[in-house]
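Chain nomenclature is as follows: A, B and C, assigned in order of appearance, with residue numbering initiated at 1 for each chain independently.
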């Protein structure tokens, strides 16, 4: 009797958990997985009216060496943006955890604020900052540091600068959440053992904040490689990344199969990098929490 | 004395009054796609109230670029997200080929006689024209004379260009190609010449970004349509329109009924209202500066043509020939211009 | 084991076996309030001093100033006579063990212990030797490659101690080191720490809010309250001769009886208790005749008997509970005060009707002025 009851309760518990996950599973399947499969399916048509199945578009995309350069440039843009957000964001996160609770709230608001603005607004604001007669050039000219306006818009440098600001919250939020959970005594312990600030940073804080750092890199990488608006508006169309190719093929010439192939290329190349990053992240956090 | 009860009662009455027409009186609604920017502003300010007043139809506008309209309608497969299109010639042909339109019967419009007969065909009605030429900043540069000037100093180092993604970009590049021996179906000369001066060119941008780039001084000369020039002028930007020596390019903007729409009658009422004399008159005035599609409406003096007949002296293109080539051109432009 | 410890003592303690630590008129300000308010402590070489007090009394702040984590507003800290205030924490050579041990979770036990040695530029075999030696000292020689999370609380604490000792600190600071351990383990660790400290002759400061711990481990106790040291003395003196009412109430259990200072006779006074008794006591320095007073008597300094006398008072018996080898009585005096009386179970008087309470013969109650 007792066993039967226990079994039934166990069964009920199992069922309950399974049912709780159902809505999310359905939403995930219908809103994410199904469209993805559809996209994959569309890529196996030779013509834009989707009447003739075949591999022609795959052949066309991967037969063109130009597209390999586009893929490489896209991934490289992600790497550069990640590097820049880490270089700026990590010290900022270090400053953050040392602030008083009140200043932390203020800084957190400043960090999150860009997320409250549309990417379009932030992107166009960067035109004003980076432009030929923009903020930076005007300032540098007035200070007499340059004789001629720098070309910042429509360069990869300008694009990386603005993406660094645009994606910064994605780096800072996971980083800060991991860092502020770090045992504060660890830094004191290291200092008492004779470690300098730098030694403490590289032997204690950096390894322990690795999970946050990896999560931040992951988000920034995925977001900056797909940031179509920023890429095209700030980078211009001479800097060609995969999202531009997808947009042109799907919305300008309506060649959906080719757009689907390009989307798959983008998806797979980003996933490869993301998988590598999260593998590193798991190893890092495995050493700490696992 | 205001008591709380009275204020509440008043508020309820007001709220009820505001709701009433939409609940009881409206003879149905209509959803129409419209270009973002000047077109959306103008249609909101002028067409929506006029349609409501004349036919008691509530018009809802969906701001979409031509290519986006076609993409959405194609993706919807027979259940269009809007009832009416507004399109440029290129996307119009794509849409016809894809069977996205209901057939159109011009005789159903009460204002049909006021519209030039060439403006109506079996697929829709022309409600305006866009004129494409060169825009420059008169404070920074002398006026260019023609397309060729764009590729020489002093203009080239302040030039902003876009590719074949938009109608205005495509026709401008075709016109540049023509100056160097190209044609409507051969744009290679344009790319060859552009490539020669590419390091000097100030900006190669996304079409939607061009007004912003011009406003910020990133470039001081570009090809664009008259409406963009008017809009920027209205914002106080130093900008002037130049009709190139070889002629400005014109193309028509047309309205169409989406296949599968369940508000076809209202769509005709909408078209009829758009081409009606008072609406066309209002649209030609600043800040909208539309070219009228109604013969009774005089063309204001600051528009780049004196009468609609003059349209024939503008450069027109055959989009049936251009459309199939465009995908290849876009790829070519990517490759030639890529850093 | 004992011989190993001696070896280490010889090897680790360095020329003088311990250093003096002087805290002079130290004040720490947090915003508008003083966390530490004019503290002066002179600590002898090799001495263990407990900083004892309720939470928020400033004891941990004082410890953090000594370690160099917090900067004082005024005052000085000297080690062996030399001021160390200008030195950052990593140049003070002061070892510290935290309440939660603060072991580096991503490093093995050996790496944790080697951390301070490597920070000092030590490399290779020397590190290995010293790590092994330090871990042997705390009996964890076989745990070199474990990660901290694979250890029990007691083991983690041993690692923390080994890590602090490996660098041969001049002073050892222990911040509530036993608080996270269960009762039995706590006692073992207290004994072990005490023995280690003895062997090494290391001057040690222990922060605790647990008076038993302070009593059993330390040579002297500094009882702190509201940023000030109320009394700095041996455990016995703090217990038997509390200087202030706070120390008296904070240390041990006590009964407070209110009364009045009635007569002064030479170096004795007679106190009239509200409960109805006259007690003859050694005269306190600063109390005048007629002043209301509080008499503090430890439970073991009270007795019960069956005959009334002028120096005892009638009580109403309540509960009697055996507590280990003792018997605890709870009684109520005439003025309403509830008193605790402790007596050994063996040799309890068999007299019936013990309803009169008085001072035990060797009782040394303390008198404090009473605010009215």
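Methods note: a residue touches a chain if its C-beta (ideal position, glycine included) is under 8 Å from a C-beta of that chain, and two chains touch if they have at least 3 such contacts.
Not measured: the values here are computed from a predicted model.
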Chain whose Cα centroid lies nearest the overall Cα centroid: A
Most distant chain from chain A by Cα centroid: C
Chain centre separation in whole Å, for chain B relative to chain A (CA means): 35
Centre-of-Cα separation between chain C and chain A, whole angstrom: 54
Centroid distance [mean C-alpha coordinates] between chain C and chain B, Å: 85
Touching residues on chain A, where the partner in the complex is chain C: 183, 185-186, 188-196, 199, 203-204, 207-208, 287-288
Sites on chain C touched by chain A in the complex: 64, 67-69, 88-96, 98, 100, 102-106, 115-116, 119-120, 147, 163-164, 167
List of chain B residues in touch with chain A within their complex: 67-68, 70-71, 74, 94, 98, 162-165, 202-206, 208-209, 212-213, 216-219, 326-327, 330, 333-335, 337-339
Touching residues on chain A, where the partner in the complex is chain B: 49, 66, 69, 124, 127-128, 131-134, 153-154, 156, 232-233, 236-240, 244-245, 248-255
